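In structure tokens below, several structures.
The two complexes that follow have chain A in common; it is paired with chain B in the first and with chain C in the second.
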Partner chain A sequence: MNDVSQLIRYRKRQDYYFQIVGAACTAVGVLTLAALLIKLSWDGLGQIVRFEFFHNWPILTDVGITFLIALGLAVPVAVSVAALTTDEHENSLLSDVLRILARFRAIAIGLVILLLLAHWLDLFGNRLVGGIVLGLLVTPRLISVSRDFVRQRPVRFGAALSALLLAGVVGLGAVAWAGLTHLLRLEFFLSNASYDASKAGILTAWVGTLGVMTVTFATAVPLGVAAAVYLEEYARKNVFTNLIEINISNLAGVPSISYGLMALWLFSHLLEWKSSIFVGGVTLALLILPIVIVATREALRSIPGSIREAAYAAGATKWQTIRYHLLPYSLGGIATGTIIAMSRAMGETAPLIVIGAAGYLTNLPPSPLQRHFPFVSFDWLNSPFTVLPMQMFYWTSEPGFESHAAATGLVLIVLTLSINAAAISVRYRVRQKLKW
Partner chain B sequence: MIPAEAAPAVAVTQADSAHARPKAEVRSVSFYYGSKQALDRISMPIPERSVTALIGPSGCGKSTLLRCFNRMHDLYPGNRYEGEILLHPGGTNILSPSVDPMEMRLRTGMVFQKPNPFPKTIFENVAYGLRLRFVKSRAELEEKVEAALNAAALWDEVKDRLHQSAWKLSGGQQQRLCVARALATDPELLLLDEPTSALDPIATSRIEDMIFELKERVTVLMVTHNMEQAARVADYTAFMYLGELVERGPSSQVFQKPKNELTEKYLTGTFG
Partner chain C sequence: MSSPEAKRKYARLRSNASATRHKRIWRRVREWIASSGFFLAAASSVVITALIVVVLFGESWPFFRAFGLVDFLTDTEWALDADPPRRGILPLVSATLVTTGIALIVALPLGTVIAIYLSEFAPFAMREAIKPSLELLSAVPTVVYGYFALLFLSPLLKVVFKWPVFSWLVTDLPQQNMLSAGIVMGIMIIPYVSSLSEDAMRSVPMLLREGSYALGGNKFVTALHVVFPSALSGIGAAYILGISRAIGETMIVAVAAGRLPHLTFNPAGSGETITTYIVEKTQGETPYGTPEYQSIFAAGLVLFIITLVFNIAGYALRKRYHQAY
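Then we have the complex of A and B:
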């Protein structure tokens, strides 16, 4: 009896000591990380943010002009559309389109991407363009808001109220827009690399990252999902498929630089392709393929057997079951896995160094849009590239570019965090919707 | 282990002659989960446009037999059938390896023990079987969905929310939705695997009424734990024990004058 209580006391004490050690380790770890992050931000923020923004306000005229253009465009369009589309159009295609556009968060993301892409796509301009873009982007939201008002209240009161509301939203948007353009040193995002530290920016790097990620996404997702569906639903379970399965799970843990070596051999030695956005994208696709496959298979396995039985009992073929049930129900899991994989691919440097990505590049790849028929071009796939982590890696060895490297690191951190946040939000929504 | 008079093959009783035409004939069917035998040479007719109930204690193989009718066992590896189940008209042997189960299942409908609606709208749940058959016309889809929901006695409750998620329905409504889903494609044979075991008495009696009306149109084969239910809705009852068919006949005869001692013991609750 005494022994037992002694033992219990001993176990408790052990547990207590461990807690202290654990807490101490956590504190040291977190503090170190925080200190490093603060140092990085301190060094890098100067490249991104105009600190003089906080001292003078010569921007009011800009804000005003952008605001007026946006208002002049959005309000008439919104009010007239709201007035013209009554309840009987409720289920029309137009209102569906509006409803989708009215997702404001998506619009905000689109806005930022468009703003950043504008230069590359050759439509970056002045306040006029800014105002028009802003107006167009907020209009659908305004339409749906003003329609709600018109529906709920007597018409005149509703119209007045909605106009007021519109003005408020557009005004806020315009202030945010103009403020953002003045607060952020957008030229850091919109200039090419340069030996002149005051002019150097990360335009080539993030356009390269965008291009490479596009290729990675377009190759890894279809390949990975198709492979996972095949392995899970069609392939017979035998020694061979078991072997493949074990291999795939383990491939996810292979050091990324090995993928660079494999890609170098395949593309450079065997196919004799030069290093390009396409080659870089496919290399990273190889890297994340196992992650996509594993995530998809997990998602497929989480669908309960009773749903499969119901699907097959009605006479479905395998493909029909996959198309009507398995893929739609596992979409959330696939999306989450893919987003996380993409965020990993975005930060990868080692395999790209091996296949010869550039560190210093002053030319953008050719624009995917062109002025003459057929208006799109895929030449960009074939052009040399750099990506954000490559650019950062290059700058770390250049004296005078410390703050540029830090700023790029900061951009990468923010990007990765937001991508992971998107993954979490997708997962949360799917769980809300599909609780087996 | 089973008294000698319980010969696996049960002769067609006189009452069957009223329904002379069998919808399906089970002929000496054995079934194995891997090396474990679950059914031993079962033979019986399934008369057309009537309800046949399979009863027996847990593990007697009644669900296993039911799931042979639409080859559900093919979804899992290592299962093996012997014997044949002939499905009329045509006399196709359902169990033949040359029959494609996915094609054969188009002729049957199944309702499971637990309601398992798809996470889609009510309309899409019922229209699912039609979509599998490439029915594209909106009018035809709507008409058949309404008819199926009516047959499953659910139409009045859901007609105003056809495009809401089926998961918002109550358990009893979900099960009737599953029945509607199975009925939408006009199956020849409806397989019910303890369809009311997860439901309360009110929902159960609604399903039973529905089964009673359904037999005008389809042949129903149902598994049930509930002997009163079998006596209430089934025209024919088959009692199974340890993978063998002990007795089968018109329900009135099986329940009132069981021929086999084992059936009588089970019905009186002496075992099982």
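Then we have the complex of A and C:
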């Protein structure tokens, strides 16, 4: 009896200790990520952020004035509109317009970005305009918030609460407005690479990343989705499809640098093209092709066969079934896989080094929009390029540019992590929506 | 059929029939275009592989023919500019082995423990929160890891190796060393190991666990003696994926492991891996047809063959694990 209870106690302790070990191991992973972020911020934040901001109190009065202007505009408008459009106006045109306006957060964010650019160009960099714009931006959203309060609580209490809330939101907005324009060193994002450490920026790098990603997306997604559709919907079990199957799983494990070697030979030796945005984009597209294929296949496989049978029964051909049923239903899964694949492509450096991407580049590719007749031009596809990770690699081995490298890394990591977060949220939403 | 009315009727019928026939033909053509387009897309993946293989073999063939395969595989020095030039791949392979080995020493135990912990011990909400955040580890661009290894871990290790016990082990740590590169690489591949192993363990049927609990096993014993062996082929596939990732990893070692090819198994030294060599040679101008140019492809071929072996083994294991339940 004693033995058994001892054994039980021993077993319990065993579980307990393993839990600690497991949690510690998990913590190692998570903490490394944190250490990485801290190290990058420590080294590189100085390039992105103006720390003098915090010593420069007069700038903070800008924040205050912007805040007051925005508040003076938004609060009376919002509260009066909320009070006027009570329940009996529920279906009026005004409330419809307000509801639509309040929903378009994306438009508001876009406007803010545009305004930041305008501010940087000094088109109207004064507090009055900032305040008015901010007030206009937040008003519709605030109206809906305050209406909710008005509807749910006794009117006076609701009005007071909503006014407080408005003040808070507008205050945050004002801080963000002034902060973004004064705190961020926008010139880091808007100047070219340079041998002068105080002037060097990542403009060419992020423009290059944008261009390369566009090409990669336009190549990898159609090709990958089509291949997956063939494998899931058309392929019969035979030696050849089995070969393709093994091959794709193998391709996913081929080192990325091998793709670079293949592209080096194919493009620069066989076709005699110089290293350009197009070549870089296609190389990365080949690299992420297996990821897109696997994700699309998973998405197609999760569609029940009854959907296909229903389409066939209604007289649809195979192509129509795919076009009007299978692809729309698998869009969420395809989007998730593609987003993850694009984030991988964005961080990829090795194959681009091999095909000869520049580490140091001082001029932008030609603009895709032209003043003269066809108005669009594809010359940018054929111009030399650099990308963010390439720029970071170059700067890492350059003495005196460590902070630039860290800042580039910070930009890169924030980009990839937010893209991944977007993928996770898309996956979550799709999973919630799916009800077969 | 002789009356004009009948003739007209017949003509109208025929034209209708031809319209539907056109439709039907167009439909068939469209189906054919779609299916062949899809087929071409699927076949393109085979073309890519074939191209990789052909390019690697074709470009390194003259290199082997001129300098001999035996030398390539057995010579212990890699110096193309020396007189006479030495062309042994072993120094590059040794550095690849050392960095991969360190990465595996870090990643396999950590990854396995994390997988067991997440699949058997952690509460649901915690697992759902931790798994994606661990997967972020593999989403970080590798050049960022390189920076981290060179400018954070390497200085940190230098400090650590000044402490009593550690200073007996390592006396002098260069700025670029395989140890820090390998450790960071190990952290990078943790999610590959843990995520796939966890999936494999989760797919072990509950019945087996319940059997073990009924016999008086606790969670730890169940995990170690029931779940782990049952999921072994899936876990093996995860390990192999991690290994092939580590071997093919480029940017971390190119930044942090050093650029001097010499045959060494000292983890605290610097060494040039196969991938670093390719990066180094392609960063500068290497004209087509020179031994340097061909040597890049020879190195790439060695890398490709090593990873191919692991990939195929991993594929076979995955197949088995899918069939198991």
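Just so we're on the same page, the second predicted complex is superposed on the first by the 285 of 436 C-alpha atoms of A that agree within 3 Å, B and C clash if a C-alpha of one lies under 4 Å from a C-alpha of the other, contacts with A are read in each partner's own complex, and residues count from 1 in each chain.
The rule is simple: contacts are C-beta pairs under 8 Å (C-beta built on N, C-alpha and C of every residue); 3 or more make two chains touch, one makes a residue touch a chain.
These numbers were taken from a predicted model, which means no experiment stands behind them.
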Margin query: Should chain B and chain C be called a clash or a fit once both complexes are overlaid on chain A?
Written below: fit
Next item on the list: Please work out whether A:Val387 is in contact with chain B alone, chain C alone, both, or neither, and reply first, second, both or neither.
Entry: neither
Notebook entry, point to check: Who touches more of chain A, chain B or chain C?
Noted result: C
Next item on the list: Report for A:Lys237: first if it touches chain B alone, second if chain C alone, otherwise both or neither.
Entry: first
Next item on the list: Could you look at A:His325 and tell me whether it touches chain B, chain C, both or neither (first, second, both, neither)?
Entry: first
Check: Is A:Ala295 touching the first partner chain B, the second partner chain C, both, or neither of them?
Finding: neither
Check: Between chain B (first) and chain C (second), which, if any, makes contact with A:Ile413: first, second, both or neither?
Finding: second
Note to self: Quick one: is A:Thr317 in contact with chain B, with chain C, with both, or with neither? Answer first, second, both or neither.
What the structure shows: both
Margin query: Going by the contact rule set out at the top, does A:Ser306 touch chain B (first), chain C (second), both, or neither?
Written below: first
Notebook entry, point to check: After the superposition, what is the least C-alpha distance between chain B and chain C in whole angstrom?
Noted result: 9
Notebook entry, point to check: Is there a shared patch on chain A that both chain B and chain C touch, and which residues make it up?
Noted result: 317-318
Item checked: Interfacial residue positions of chain A with respect to chain C in the complex -> 11-12, 14-15, 18-19, 21-23, 25-26, 28-30, 32-33, 35-36, 39-40, 43, 222-224, 226-227, 229-231, 233-235, 243-244, 246-251, 253-262, 264-266, 269, 286, 289-290, 293, 317-319, 322, 340, 343-344, 346-350, 353-356, 359, 389, 392-393, 396-397, 402, 405-406, 409, 412-413, 416-417, 420, 424
Next item on the list: Going by the contact rule at the top, pick out the chain B residues touching chain A in the complex.
Entry: 70, 72, 75, 77, 102-103, 105-110, 112, 114, 116, 118-119, 128-129, 131-133, 178, 181-182, 185
Note to self: Considering only the defined contacts, which chain C positions touch chain A in the complex?
What the structure shows: 27, 30-31, 34-35, 37-46, 48-49, 51-52, 55-56, 59, 109-110, 113-114, 116-118, 121-122, 130, 132-137, 139-148, 150-152, 187, 190-191, 194, 216-221, 223, 241, 244-245, 247-251, 254-255, 275, 278-279, 282-283, 288, 296-297, 300, 303-304, 307-308, 310-312, 314-315, 318
Next item on the list: Enumerate the contact residues on chain A facing chain B in the complex.
Entry: 236-237, 304, 306-318, 320, 324-325, 329, 433-434
